[in-house]
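Let me begin by presenting the structure, written as structure tokens, before commenting on it.
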Amino acid sequence: MLRNKLTAMGKGRLEAFSDGVIAIIITIMVLELKVPHGDSFKDLQPLLPVFLSYLLSFINIAIYWNNHHHMLHSISKINGAVLWANVHLLFWLSLFPFATAWMGENHFTTWPLVAYGAVSTGAGVAYYLLSQCLISVNGKDSALAKAFGKDRKGIISIILDLIGISLAFVTPWLSLAVYVLISAIWLVPDRRIEKTK
Amino acid sequence: MLRNKLTAMGKGRLEAFSDGVIAIIITIMVLELKVPHGDSFKDLQPLLPVFLSYLLSFINIAIYWNNHHHMLHSISKINGAVLWANVHLLFWLSLFPFATAWMGENHFTTWPLVAYGAVSTGAGVAYYLLSQCLISVNGKDSALAKAFGKDRKGIISIILDLIGISLAFVTPWLSLAVYVLISAIWLVPDRRIEKTK
Amino acid sequence: MLRNKLTAMGKGRLEAFSDGVIAIIITIMVLELKVPHGDSFKDLQPLLPVFLSYLLSFINIAIYWNNHHHMLHSISKINGAVLWANVHLLFWLSLFPFATAWMGENHFTTWPLVAYGAVSTGAGVAYYLLSQCLISVNGKDSALAKAFGKDRKGIISIILDLIGISLAFVTPWLSLAVYVLISAIWLVPDRRIEKTK
Amino acid sequence: MLRNKLTAMGKGRLEAFSDGVIAIIITIMVLELKVPHGDSFKDLQPLLPVFLSYLLSFINIAIYWNNHHHMLHSISKINGAVLWANVHLLFWLSLFPFATAWMGENHFTTWPLVAYGAVSTGAGVAYYLLSQCLISVNGKDSALAKAFGKDRKGIISIILDLIGISLAFVTPWLSLAVYVLISAIWLVPDRRIEKTK
């Protein structure tokens, strides 16, 4: 009984810390939208790619928060490995502001697109590892384990990220299209988990 | 019972994440108050419009936090659509620091005023959509639904924002006056919701 | 009963939002400790006044968090006026990073010291108003009301702030000494409230 | 009973504030990863030392959060001294972004390594003091007191930090190696506390 309470509290603080870090990541990205010196409409135009890049990343980080929310919602136990798998995910998410700004300021050219894909792949792998840690702690019969199954969606998006990185060397705008596609796939919250609740 | 508990927890985390993002937005705006190089009183004077712009936005963001607080206080259920309507609202709020700084640094000229009005309109529409999502989840007989009615206040402030944008092309200071008026209207917390609690 | 629960929740979110804003204020001040270009010990020396200014403000903001924590701990009811009195306090606290940086970068000269004192006075007055709001909501017989009494400590520190501002025009280092004295007075958490719990 | 509830709440808010500050510290460090002007792979290379420095500090701050989490998890009582010991720890942690950036931008030369070691030592001492405060409040028979014993791990890492600082004057890369070693030692969460729960 007491133990359960302690574990629940631990989970609460893990969520609170993750929420804090993700909230800061999603917000400081806007600092890259540098205020232009002029005050005409024309002065806003060079910001368009930076803005689009920001919009894409805002949606991506929100997707991670959303799914992180659903995933932790469906489990009851955490341990040290989960804490570190979570920190690992936060590390990759923390690189989004950098990749976003580099991509936006260079109008979606090859290497910035590669960097964005690499950060996105890292976050995808980290999210997958976190889900596996949570399943191993909460049991193969837990709601999460049943909901995740082989986590096709997670694996597909990692593969798409790798395709996006490859395309950056050939047709940059196609690479960007793949990244947008990944976001579109995830925009729907993880119904698998919602279903089993 | 368990389900209720899970839903309540979900709402708690939605509030916590929103509080985090809004707290960061309201605070990083102050970073645009760039420290002047000189140390005389005269060196502070060019900062006055930036400061006034900051003050207006601080009040606006605080109003949103306040009303967001009251609105979520009065409901008990959330779902995936609510999560995304909330993220949509946070996105518009996250653009306030940019619009605030651009407006302040250019001493309230036409296009910065238009940008500020556009961000404010976007946030107003997003708040309205969030309230409608919450009403549809919590039922037409919920306290929120009765309190909101046709949400005249929300619609009026969106209309005033559009008037403010139009005036920016004619008499910029009148446009600013309209934005100040909108804040004044909202400064009173949403008594409609408080009343029905 | 339900009402109590709702009120308690409201207080929780007020604390959470305040904690968020104060946590950000206390942390972003460190961004003014600009990384020097050289890598020798000598390159650190010009940062000393900025560092001392940061240290003073870190302690001041921590004092506010601490006393805010004790004050809200001792009450049970909040209302709309409390929410706004709290936002008002956060506004003044949000100006600390600016005043701190200006004072540190100019080595504690007259006007930056005046600005620091003005921000500190504003925060002191806002804290006093918040305490009065809380007392009026929670009753003259509440633990808070008894603990605060005439709030001599709060009023003394506001008077000291005004003395500090005046001294800035005569002997700047004495002005700084007064500001340090105010922090020393408050470093002890508000025992009045702790006592009555 | 009521008192317990109040104390528990106080602890909760202490955790929340610490989480907030630590979340901001760990995230704003990424702002030092300045976006390069060019868009080629070559433009990323100068960022490598800054990135490695960021990685080391991200791990260090995460270790502190993790152990802070475990330590507060295992106790039930706090008091004013704990609040201030905690603020003292947060102050040292807040200097990590500065030390990290200075070290990374100067490619791990002597004085930046000394500064990093000094900040790390300060944080280590502050963590030790916080643990002693918590033990003195919660009793020598508390789970925490038994788990900590003489806190050999904490003392060893402070000694290693001092060795690292000394080595910076002789063989800088060895100094860095010692800092990495300290992180490696702590990467395992504080099993002593987990064991006794």
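The first chain written gets the first letter, and so on, giving A, B, C and D; residue counts start at 1 in each chain.
Here is the rule we go by: a residue touches a chain if its C-beta (ideal position, glycine included) is under 8 Å from a C-beta of that chain, and two chains touch if they have at least 3 such contacts.
Computed from a prediction, not measured in an experiment: that's the story for all the values here.
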(request) Please decide if copies chain B and chain C contact each other with the same set of residue positions, more than half shared, or with different positions, and reply same or different. (result) different
(message) How big is the rotation, 0 to 180°, that puts the C-alpha atoms of chain A on those of chain D, in steps of 5?
(response) 90
(message) Quick check: how many Å separate the C-alpha centres of chain A and chain B?
(response) 26
(message) Between chain B and chain D, what distance separates the C-alpha centroids? Give it in angstrom.
(response) 36
(message) Which positions in chain C are in touch with at least two other chains?
(response) 16, 20, 23-24, 28, 31
(request) Flag every residue of chain D that touches chain A in the complex, lowest number first. (result) 15-16, 19-20, 22-24, 26-28, 30-31, 33, 35-36, 39-41, 43-44, 55, 58, 62, 65-66, 69, 73, 187-189, 194, 197
(request) Please give the residue numbers of chain B that touch chain A in the complex, ascending. (result) 3, 6, 9-10, 13, 16-17, 20-21, 23-25, 28, 31-32, 80, 83-84, 87, 90-91, 94-95, 97-98, 101-102, 105-106, 109-112, 115
